[in-house]
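Got some structures for you, see below.
Look at the two complexes coming up: chain A is in both, with chain B in one and chain C in the other.
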Partner chain A sequence: MTAVLEYVRASRWYGPVIALNDVTTTVGPGVTGLLGPNGAGKSTFLKLAAGLLAPSQGEVRLLGRPAWGTPELYHHVGVCPETDAFWEGMTGLQFVTALLRLTGYDDAECRRRAEQALETVALLEAQDRKVGGYSKGMRQRVKMAQALAHDPQVLLLDEPLSGMDPVNRRRVVDLVKRLGREGRTVLVSSHILHEVEAMTRRVLLIHNGRILAEGDVREIRDLMDEHPHTVSLRARDPRALARAVVGAPHVLSLTFGADGEWLTLQTAKPDEFYGHLHEAALAAGVMEMYSPDEDLESVFRYLVPR
Partner chain B sequence: MPIYEQTYRRYEAREPLRKVRFWPITREALRLILSRRWFLGLLAVAWLPFLVRIIHIYVVTRFPEANRVLPVDGRLFGEYLSQQLIFALFVTIFAGAGLVANDLRTGAILVYLSRPLTRRDYVAGKLLVIVALNLAITLVPGLLLYLIALALAPDQFVKWELAWIGPAIVLYSFVISLVLSLIALAVSSLSKSARVAGLGFFGLLMGLELVHSVLREAFDRPEAALLSIMTGLQTIGRALFGITDRTFALPWPWAALVLAAVCLGCLAVLRARVRAVEIVR
Partner chain C sequence: MTAATTAVAAAGRDTSRPVPWPRGARAVFDLALEGMVWSRRSLVIAVLLGLPVVFAIAYRAVLAAKLPPRLTGFDLYGIVVAIYYVRNVLPLAALFYATALVADEVDGKTLTYLLTRPVRRSAILAGKFGAYLATTLSLSLPAAVVTFFLLATSGGFEGIGGRVPDLFRDLGVMALTLVAYGGLFTLLGVLLRRPVIPGLLILYVWELVANLPGYMPRFTLTAWLRSLIRHRPPQEGLSEVFGQVLPADLSLQVLTLATVVFLAASLWIFSRREYVIEQ
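Moving on to the complex of A and B:
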């Protein structure tokens, strides 16, 4: 993976508080979810990438150059901050246009790009309304628009779905996925697991300023040997299925569902288990199968100590 | 695993920076400020003394005996600019108080600094707003007044020994504008409320003026003037325009040093406060 964003032993502290602690990682093209509870260090991680903060120690490189103190680089970066960042008296169009001017386009080009960006986030109809009168979801979208308007290669989105209604949430999720498919590097932070999961399978899990895990959710889950994988199966004859698999060394426990159709088991080696399951599944008439702890929430629950 | 587009794609975002990166900041702020009618009214009022001075020059050129009562010479321009100080103070309060404070309150500073701008550009852009407005009521009318004086009374003013008037007007106008603007911007960066910043700026200058007056009354020492920004500015003006007055007996190099220290202090405050991220220790 080409590293667009690179953290090399990067730390950032605010007085005695360590927000990010000795982080070494890389982020490449596509969508990467930055996941962690509130106060985990996600915003600091993003602000270091955006060059809004200098690392207290270590290095953060963006597109091969130091992220801090290289303003030329910010032509290629779009930042959607978590907090509101508006001049309330401006209209949505004026806001995006004013920020585009800082990127160096002429007035006509600024207007064209601003309208295009507002259309992308479905805010064209409200472009002439004052930002002060926008709903929370509209504010989020106008922030997205200003981040997108100059066609940046790298997008840093801090909690972009916060406050959005389901329709616009869906729209932004699709937009983020599309931007990733286009080859842009999109780093999206969120503390809501299903939001990140809807956008990408590639995540960086962050907690107490440290990277807990990174990579594909499934791959991370597979590496967590100390937590057995749970597999739930619905079968016509769950007891026959249980008899067929109970002797396998990698099956650790079995539980029958109250409805008599479901069998839930735990295995230490899911790949071997699935390999052996085939014939038994046919015989027992397995109708449905899923793994409830291969989702991001389970991975996160296992990784983050309560 | 999803397969992402990895081939080369030309992104349209521009690489080279503008030569004057801060100009869009200045332009946007000026547009907002000048869209307020009452502010335009304030600027218009600030030009009234200019009209009075023109009448003054006109009367003296038509009735030379009036020159004994109301002399027209180099001092006139110094006195005019010192008079403009009070207008500069109000223009600075109303234009400058919210410049940084509002960005800190709304968080807009974060989106500014995520653009191809440095913090220095940001400060320069904001500073230029107040400096430009102050120059509009000091330098512009000052030079215009000088040109009118040259036109109306060429015998009196078109002289080599009075050639210093033009540069003195430029220098004094810049000193007034820069000092007041830097103080206002620094005070603005210390608050998230334009109102608090405006009151803070006014209170600071007037408070120092008050302390200066009390000390002057109590000890009758010129050093008391070191505490007053306004007196410091007037001292520079009087030195530039050759006006002697016991009230401003403070040596001008002292005043210049104090004002330079104040400017450096303001820059230090701005350096500490203008950040994309508020750091609470």
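Moving on to the complex of A and C:
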């Protein structure tokens, strides 16, 4: 993976409080979710990437340059801050246009790009209304528009779905996924697991200022050997299925569902289990199968002590 | 950075460098000016700056006949410029605008938008300082000109031509007042989270030193600024306030140097400070 964003033993403290502690990681093209509970260090992580804070120790490099004190980087970086703050007297169009002028475009290009960005976030019809009169969801989207308008290679989005209704949430999720598919580097922070999960499977789990885990959620889950994987199967003959798998050394436990169709089992080695499952599944008429603890929430629950 | 990103972009922007300094400063100037002109702060300052015009109209209509004849309209104009504008209202305007150049963005949490654009921080602050000057000069100088003509011509238009150079000089001193105090309060604004109270203390406690005898007045801006005002109010009753006159050339040099130092320090601090923590 090409490292667009690099943290090399980066720490950041505020007085005696350590917000980020000796972090070494890289973020490459595509969408990466930055996940952690409130106060975990997500915002500090993003602000270091955005060059809004300098690391107290170590290095943070963006596109091969120090993120702090390199203003030319912002030609290639779009930042959507978490704070709900605007120059309230401006219209949506004026807001995005003014920020585009600060990116060096001429007036005509600013106007064209601003309208395009507002269209992308479905705010074109509201472009002449004052931002002060926008709903929370519209304000989130106009923040997204200003981050996107100069067509940046890197997008740093701090809680971008906060306050959005389901329709616009879906729209922004799709937009983020599309930006990732286009090869842009998108780092999205959230403390809401399913939000991140809807956008990407590549995550950085952060807690108490440290990276707990990083990579594909499924791969992270597979590495967590001390927590058996749960697999639920719905079959025409769940008892036959149970008979077929119960002797296997990697199957730790079996439970039948109350409705008589479901069988839930735990396995320490999911790859071996799935390898042996094929014939038994055919014989027992397996109709449905899922892993309830392979999702982000389970991974997070296992990794972060409550 | 990859070769692709360092290349000059198709839109004609060199994306390997920040936006050219003058262009960045101009964009910030335009953005800041809009916010400043249509603000409650400007309304209050405009009222304060316009009060001498109201006074001058009242003087011509009513007061001229009642005041002692030795105090002419032109003398009153001198008092307005020296005491009202240069000593009080212009420094106050500088305090409220210049300390807010960064503090308003920090309080409003909008600084992030400015700091994540390819514009040098020095251009951001310079653009905002330019907007402050444009706003305050456009509010104060016309008021002073109107006051001059209303007061200086209260006894007729005779000799007015000879006094116009004084007007231009006064306008220059007023502009210098805004520049010098603007520099000082911009520095306070980039240094302190809550700069207004320290600014008021400087204006109304420290600057009183200007009225003391000896060397101390040289450590105030007021002493140097008032030394540049040529036409002085009559000695009676005001002699203490204008007790010490410093050489005009030296005053100009000191004020220029002080402004350069204040602004350079402000730019240096603003370019290095992490304001997002305060947000």
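The criterion applied here is as follows: the second predicted complex is superposed on the first by the 306 of 306 C-alpha atoms of A that agree within 3 Å, B and C clash if a C-alpha of one lies under 4 Å from a C-alpha of the other, contacts with A are read in each partner's own complex, and residues count from 1 in each chain.
One rule holds for everything that comes next: contacts are C-beta pairs under 8 Å (C-beta built on N, C-alpha and C of every residue); 3 or more make two chains touch, one makes a residue touch a chain.
Values in this document were obtained by computation on a predicted structure and should not be read as measured data.
Taken together through their common chain A, the two structures put chain B and chain C in a clash. Contact with neither chain B nor chain C is seen for A:Gly285 once the two complexes are overlaid on the shared chain. When the shared chain is aligned, chain B comes close enough to touch A:Pro29, but chain C does not. In the superposed model, A:Trp87 makes contact with both chain B and chain C.
With both structures placed on the common chain, the touch criterion links A:Tyr14 to chain B and to chain C. Once the two complexes are overlaid on the shared chain, A:Gly133 sits clear of chain B and of chain C alike.
Touch criterion met: A:His75 reaches chain B and chain C at once. Ranking chain B and chain C by residues of chain A touched puts B first. Of the two partner chains placed by the overlay, only chain B lies in contact with A:Asp216; chain C stays clear of it. By the touch criterion defined above, A:Gly64 lies against chain C but remains apart from chain B after alignment on the C-alpha atoms of chain A. When the two structures are aligned on the shared chain, A:Leu102 is found in touch with chain B and with chain C.
On chain A, the surface patch touched by chain B in one complex and by chain C in the other comprises residues 14, 47, 50-53, 71-77, 79, 81, 83, 85-87, 89, 98-99, 101-105, 146, 153.
Those residues of chain A that touch chain C in the shared complex are 14, 47, 50-54, 63-65, 71-77, 79, 81, 83, 85-87, 89-90, 98-99, 101-105, 109, 146, 153.
Interface residues of chain B facing chain A in the complex, by the touch rule stated above, are 1-2, 4-7, 9, 11-18, 21, 24-25, 27-28, 32, 102, 106-118, 121, 276-277, 279-281. Those residues of chain C whose C-beta lies close enough to touch chain A in the complex are 1-2, 5, 9, 11, 13, 15-20, 23-24, 27-28, 30-31, 34-35, 38, 108-110, 112-121, 274, 276-277, 279.
Listed in rising order, the residues of chain A touching chain B in the complex are 2, 14-15, 29-30, 47, 50-53, 69, 71-77, 79, 81, 83-89, 98-99, 101-105, 146, 150-153, 180-183, 200-202, 216.
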